[in-house]
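Below you'll find the structure, written out as structure tokens, and then a few comments.
Every chain is named by a letter (A, B, C, D and E) in the order it is written, and numbering of its residues begins at 1.
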């Protein structure tokens, strides 16, 4: 059904998107919690900074990543020298670009769910002997699961579709950074590439449909979670 | 001194002054609706900070604005039965019951099986809180507080919405805790006969 | 598949098909296949500037090459290895929404004749060449308000293929490859600067084969290959 | 401070994004409600279809819009003949592209909030004489306001940043469809365009910061809304 | 017949059989916690569909599985005071109180000012529900139900968590509604003296 090259692109896309979502999940949740539950100077600024990759054209985000994380950049140079980690032209760079683009979506969904958690339940946990950290782990975190699920799903979908930042930062290298959207773009550049583009687009669609079904199923399995207290 | 309070709490605009000391094993806190009983319990439990003053229970200072003492709720050892049940909606009844028991540092003074038996919640252990009736939820909340091995109990109308037989059984349990285990208890109740039966001292707020 | 192990080539998207053909020839000669990455010329240049581990750069015009040269990012002179021309195209499907004019001049004289699709005339090379040609023909002032600046030549071509506009100016190579348009006019190459594709070796290149592939790109074999896709000689 | 051309681009971007969010809001909310509260055959498929613009590269979305809504397309042709409405090359087309790209983000946020509304409150409203429609308007709708606000904010930010679908569907026409991201992209294509790009990027950032502050302020004004019931 | 039920409801796994007919103006529904009292009230109000059977109140059939009758809640005219207050959290107390009044088709049988006065909630009108004490929330919920001009009342432990004075005042109000306005009332209560004082007929569930 799929050619070997298509399989390869598909697997790479999955790898990049999964890694992007997994590295972003804890970061996004921590940011969401900070913004939802704490007031501190610069809170709105932090919120705005998180939204930046949404507001800027993806190509600009990719360019900023390149300035910062390219081997000539301040962070990228250090990564390169200290850890031998090169992000540009590497699938980890594609994952990073996808993660940055997915971050604002994930933070928003999680924040919405954290804000909906009844603080009186946290109080109850505290009186029962839970320290703040434990109350967070046993009450706030599980009760905000719908937001985590929604955020993960949004982030995964966004990562699957990420194009502009990836091609600018990580380039378009077969086997490393040519994910589905880049392969589709590459196909669109070829005269008569429409058939290949259509095939790849259908793969994208099927993939996201599959992810959606899995995530809905996971959410429904933990339905008890969402029922309201008497 | 079981409860020794001299503090001001301010949940809304109006300050509530709580100034009483009680030697009794069970102290009843009474007063008209809205006078501030729940707020006082919240202050003792550590989930509502007083504006100023001092709170000591069973000889331990929990809060003292002058001395800069303010123990976090988890260090106070309150067994708080809230006016609303506040069960954790994402945990089944069994997990709710043992939530505090798992965290308790010292051994509890009442066993899990005994609590389940006395409160008659054995058939509910696998249920989600949202499916419980009013009285069932209240009983689970009581059990959850008792199992946390608390050093003192704060009971906000624990017997309301229980039928006569279950209320009687629970009153007997409270008596037993009061007499045998000697845990200081602060009870909010609107039922005169309940107060009469259980309380060694009655504090009227407002 | 085996990951390609040859030199890393960053190239303008418009050279994709031709470069892939050259790479296949090169591989058939027993060499390690080059790693190809296609994107906008601007993105490629910036990737090189930021220290990306690339060996060879291929651009669709001279400007970005100069930009790289000014920054001492290139090893040796950039050399042109292919050329292109512009054509005026119309939708192949006569049932298009708008009536199709017979020529560019006729189109310019009919103020209700609709719009004309070009690549963005300020930034995309194909658009700049097209503007230069229209200026030489004295048509730019008339047509400027009617221009649809597209993201790229391919996007301009798509507007014509879909019948959204009656005319477009694109590379001859693109028109040749598309079934959706027909050429109604060729643009005289003397009306605009020559359309040349350059290759250069990157200063930071560490691949041993890079020099060899850079040489191969300007060889007769490569010239025959690009010609098969409609490109001319430099 | 800003050149006239920059002002123009800024105003156009604002217009396009606001219109995109306003037309999408009711649609997104209706879809979110359907998915949150109803079960019907094809529910997951609908959900997947809404996510498509997130998963596909923006350029492909723009291309599909062109196929469908171009003057030669089935819907676009009808719009053109019947209503004299041409979307391609027109700012309404840019707004439509932005709306399509913003839709999945808005639906997700709204759905999360609708699912968090306690149905027992709706029951209470019904016993008090509210028909289903009225109960929806007075209970579900206002209680899901945090999701509406979050969705509107996400959608607005996404619209401000939308590039790929817009340039493919509506092209890059000054005064009509050259929004901030397109202007930024155009600048990035030019050697030495960095200064112009930086100015425009800062405008984008300030704009989104402003929108964020306004939306946070609106949400905080209706804070009572989010407090929990005793 | 004020209440005439013969139906089966099934909120969980176990069916609850409600079969009683009462001529009394005020009928008390009693039974141990968890027996199904709230579920029966929900069925009458139309927010929990019975598995089968028939429900008629004041001569009007609200539900009849055989005849295919199932009036929506808003057409039943129930004045339901829930066991939990269920105030609308996004509306201030005043808006909560008048929610049903605004929707009522017929003129109410009690005035807004009178309700506010009798329940003593005048000082709370501008407050958000989340800031109310337990008894305050309960009183607002009672007022909201009364102002909807209901054809009959369903009261699920309305007097619990009210102090003696307020409970007395409310009991007197219920008596007045029972005697003067002749609205059929179904009252769930665990307090024996309350039931004795108010009920013309006592139905024991379970």
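Just so it is clear, a residue touches a chain if its C-beta (ideal position, glycine included) is under 8 Å from a C-beta of that chain, and two chains touch if they have at least 3 such contacts.
Small disclaimer: the values here were computed from a predicted structure and weren't measured.
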| Required steps from chain B to chain D (each step between touching chains, minimum) | 2
| If you check the contacts of chain C and chain D, which chains show up for both? | A
| Top chain pair, ranked by number of contacting C-beta pairs | A-D
| task | Farthest from chain E by Cα centre, which chain is it? Let me know. | result | C
| said: Could you work out how far the Cα centre of chain A sits from that of chain B, in whole Å? | reply: 44
| task | List the centre-to-centre spacing of chain B and chain C in whole Å, with centres computed as mean CA coordinates. | result | 78
| task | Would you mind pulling out the distance in Å between where the CA atoms of chain A average out and where those of chain C do? | result | 34
| query | Of all residues in chain A, which are in touch with two or more distinct other chains? | reply | 59, 63, 120, 188, 228, 230
| query | Of all residues in chain B, which are in touch with two or more distinct other chains? | reply | 84, 131-134
| remark: Residue numbers in chain C touching two or more further chains are 40
| note | In contact, pair by pair, are chains A-B, A-C, A-D, B-E, C-D, D-E
| message | Per the contact definition, I'd like the list of chain C residues that touch chain A in the complex. | response | 1, 3-4, 8, 10, 13-14, 16-17, 35-40, 43-44, 46-47, 49-54, 154, 174, 176-179
| chain B residues within the chain E interface of the complex | 11-12, 30-34, 38, 83-84, 131-136, 139, 156-157, 160-167, 190, 192
| field | In the complex, chain A residues that touch chain C | value | 4-5, 8, 59, 62-63, 66-67, 70-73, 76-77, 86, 88-89, 167-168, 171-177, 186, 188-192
| request: Spell out the residues on chain D that touch chain E in their complex, using ranges where they run on. | output: 120-121, 123-132, 134, 138-139, 142-143, 145, 224-225, 227-230
| query | Where on chain E does chain D make contact in their complex? | reply | 45-47, 72-74, 76-80, 82, 84-90, 92, 99-100, 103-105, 128-134, 137, 144-145, 148
